[in-house]
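All chains are identified by letter, namely A, B, C, D, E, F and G, in their written order; residue positions are counted from 1 within each chain.
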Amino acid sequence: MAQAFKKFIPMFDRVLVQRFLPELKTKGGIMIPEKAQGKVVEATVVAVGQGARAENGTVVPPSVKVGDKVLLPEYGGTKVVLDQEDYFLFRDGDLLGKFDS
Amino acid sequence: MAQAFKKFIPMFDRVLVQRFLPELKTKGGIMIPEKAQGKVVEATVVAVGQGARAENGTVVPPSVKVGDKVLLPEYGGTKVVLDQEDYFLFRDGDLLGKFDS
Amino acid sequence: MAQAFKKFIPMFDRVLVQRFLPELKTKGGIMIPEKAQGKVVEATVVAVGQGARAENGTVVPPSVKVGDKVLLPEYGGTKVVLDQEDYFLFRDGDLLGKFDS
Amino acid sequence: MAQAFKKFIPMFDRVLVQRFLPELKTKGGIMIPEKAQGKVVEATVVAVGQGARAENGTVVPPSVKVGDKVLLPEYGGTKVVLDQEDYFLFRDGDLLGKFDS
Amino acid sequence: MAQAFKKFIPMFDRVLVQRFLPELKTKGGIMIPEKAQGKVVEATVVAVGQGARAENGTVVPPSVKVGDKVLLPEYGGTKVVLDQEDYFLFRDGDLLGKFDS
Amino acid sequence: MAQAFKKFIPMFDRVLVQRFLPELKTKGGIMIPEKAQGKVVEATVVAVGQGARAENGTVVPPSVKVGDKVLLPEYGGTKVVLDQEDYFLFRDGDLLGKFDS
Amino acid sequence: MAQAFKKFIPMFDRVLVQRFLPELKTKGGIMIPEKAQGKVVEATVVAVGQGARAENGTVVPPSVKVGDKVLLPEYGGTKVVLDQEDYFLFRDGDLLGKFDS
């Protein structure tokens, strides 16, 4: 993993993720043409912000940590290029769920 | 039931449900053509998040638990495919009601 | 009354009602043609949720109970079919008023 | 005044009013043609709800009582027919003012 | 000043004002044609409500009192006719400023 | 400076400002044609309101005082003519910044 | 760095930034035509406001300080020209992240 994201700290409740590589073959080994490869919605968390500020001023820590496997919504997220690698910023609250390792 | 959802933990107040299988026959035993099969709005809860965060920072647990039979709204919900099975994510607050077992 | 609704528990501040049967005759006994029968906006409460959660987390009980006669708004409400009978779900706050029995 | 409204209790911060009868003659005694009769915006309060719930759960009583003469906004309000008489439901906060008796 | 407004009490944070009479002549004494007379945005406060209710239920008194000279926004306000005189209702918060007498 | 504004007190968090006179020449002394003179976004504060009311009812004083040099947003603001001079009303929160004298 | 910004104090939670100069050459030394130079989204913080006011009136300091390297969103921000230099104002909450120096 490129080290660039180590230096990047998302702000507030933002979470930086890297999408899994798309499946190129079916379970049966058949090549999947690029067009048929659905959008990858599974990703790994590579950096998290400190968390959002609640109304009473306290900081609410994010609910995921670096290394977590998460399920992304189909839409949304901001693309961020760090050291020529694509990452995506999501709000903690927009992540759909995480996979218990 | 596929084990995939066991590893999947919905975030915040999201609830993962699996819809009942559609009724193929009327009570009188007559086959229902696919087009006439209405959208299945009854489902079983298969995973729940920790709950949403209230304004004062406390976590409000979801009001349903795994195994509950619930009534879904006709619209909304996010489709999630886990181990080739279709599940749906709803917000706890969007579920219309539950059937007392 | 069909027993299905006994097993159905509305969520949060939702209230399950059954509309009165439409008036088929005027007070003078004259048949009212279907088209002229206005939308029935009076109904009986058949099930209530626990109530909505206020911002401070406390649960605010609904302001109607099973058996109350209520006045529905002309629009809104979600149709729910239980045991082939039509019921409607309204939010407690959307009910216009109740008739003191 | 028809007794029907006595049995009707508006919900929350709703107020049931009956509009004054329109002025048929000018002060000078000249008949006013129906088209020229402006919309009656003065009314009498005939029933009030318990009041709305503030965020902290306390109930905020309505600021008018039965018998008050009030000034209605030109638009808004929900028509309610009770015992063949027309009444209107307004939110307490939408009433423009009241006439000190 | 007509006595009608004495009996009229605006609700909540509403303020009843009467606009100044439009300037018919320039300072130099030249007649201003009606079309050139801009909209009068200066007015006198003739009645005030008790004030709006803050979220915690306390009543916040209006920031103007009867007799104050105020500057109205160009748009907004509700026309109210009392004893054949035109008055206008504004929310306390929509008044732009007042002239220190 | 015309004295009119001394008598004018903006309401709540409104701030009365007078824009600087537009630069007629470049630093090099070249005349700037009127069309090329950009909108003047620098101004002096000439009057301030008491401040806005926070949710808990306390008054939050404005963050600028009379005499401050401020940077205005390009859009917004309400034009106010006092003694034939043009002033502008902005909300305290809409001012972009101030120049440390 | 021009000294103008030293005198400029952003208001509330606004942050004044200066964008990095665009990369004119690729890592391999090849000139990048202007059209191909993407929008510069990395910048240095040159001035910060005191911070926004939370609902309870306390001031929440900004989460960046002068000298921080930050990642800007692709859209938004207000252009501010100080001493013929271009700067941009962003809200603290709209900054995507910062680079740990």
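Just so we're on the same page, a contact is a pair of C-beta atoms (placed from the backbone, for glycine too) under 8 Å apart; a residue touches a chain by one contact, two chains touch by 3 or more.
The UniProt protein names, listed by chain, are A, B, C, D, E, F, G = 10 kDa heat shock protein, mitochondrial.
Everything numeric here is computed off the predicted structure, so don't read it as measured data.
> Using the contact definition given at the top, which chains are in touch with both chain B and chain F?
Common neighbours, chain B/chain F: none found.
> For chain B and chain C, let me know how many angstrom lie between their CA-based centres, rounded off.
Here the centre of chain C sits 25 Å away from the centre of chain B.
> When the centre of a chain is set as the mean of its C-alpha atoms, what distance in Å lies between chain B and chain D?
About 45 Å, centre to centre.
> Between chain C and chain F, what is the separation of their C-alpha centroids in Å?
About 56 Å separates the centre of chain C from that of chain F.
> Would you please write down the residue numbers of chain E that are in contact with two or more other chains?
Within chain E, residues 55-56 contact more than one other chain.
> Just say which it is for the chain contacts: an open line, a closed ring, a star, complete, or other.
Topology of touching chains reads as a ring, each chain with two neighbours.
> Ring chains in order, chain C leading off, chain D next?
With chain C as the starting chain and chain D following, the sequence is C, D, E, F, G, A, B.
> Can you list the chain A residues touching chain B in their complex?
54-56, 58, 60, 63, 71, 73-74, 93, 95-100
> Which of the residues in chain F end up touching chain E in this complex?
6-12, 14, 16, 47, 49-50, 53, 55-57, 78, 80, 89
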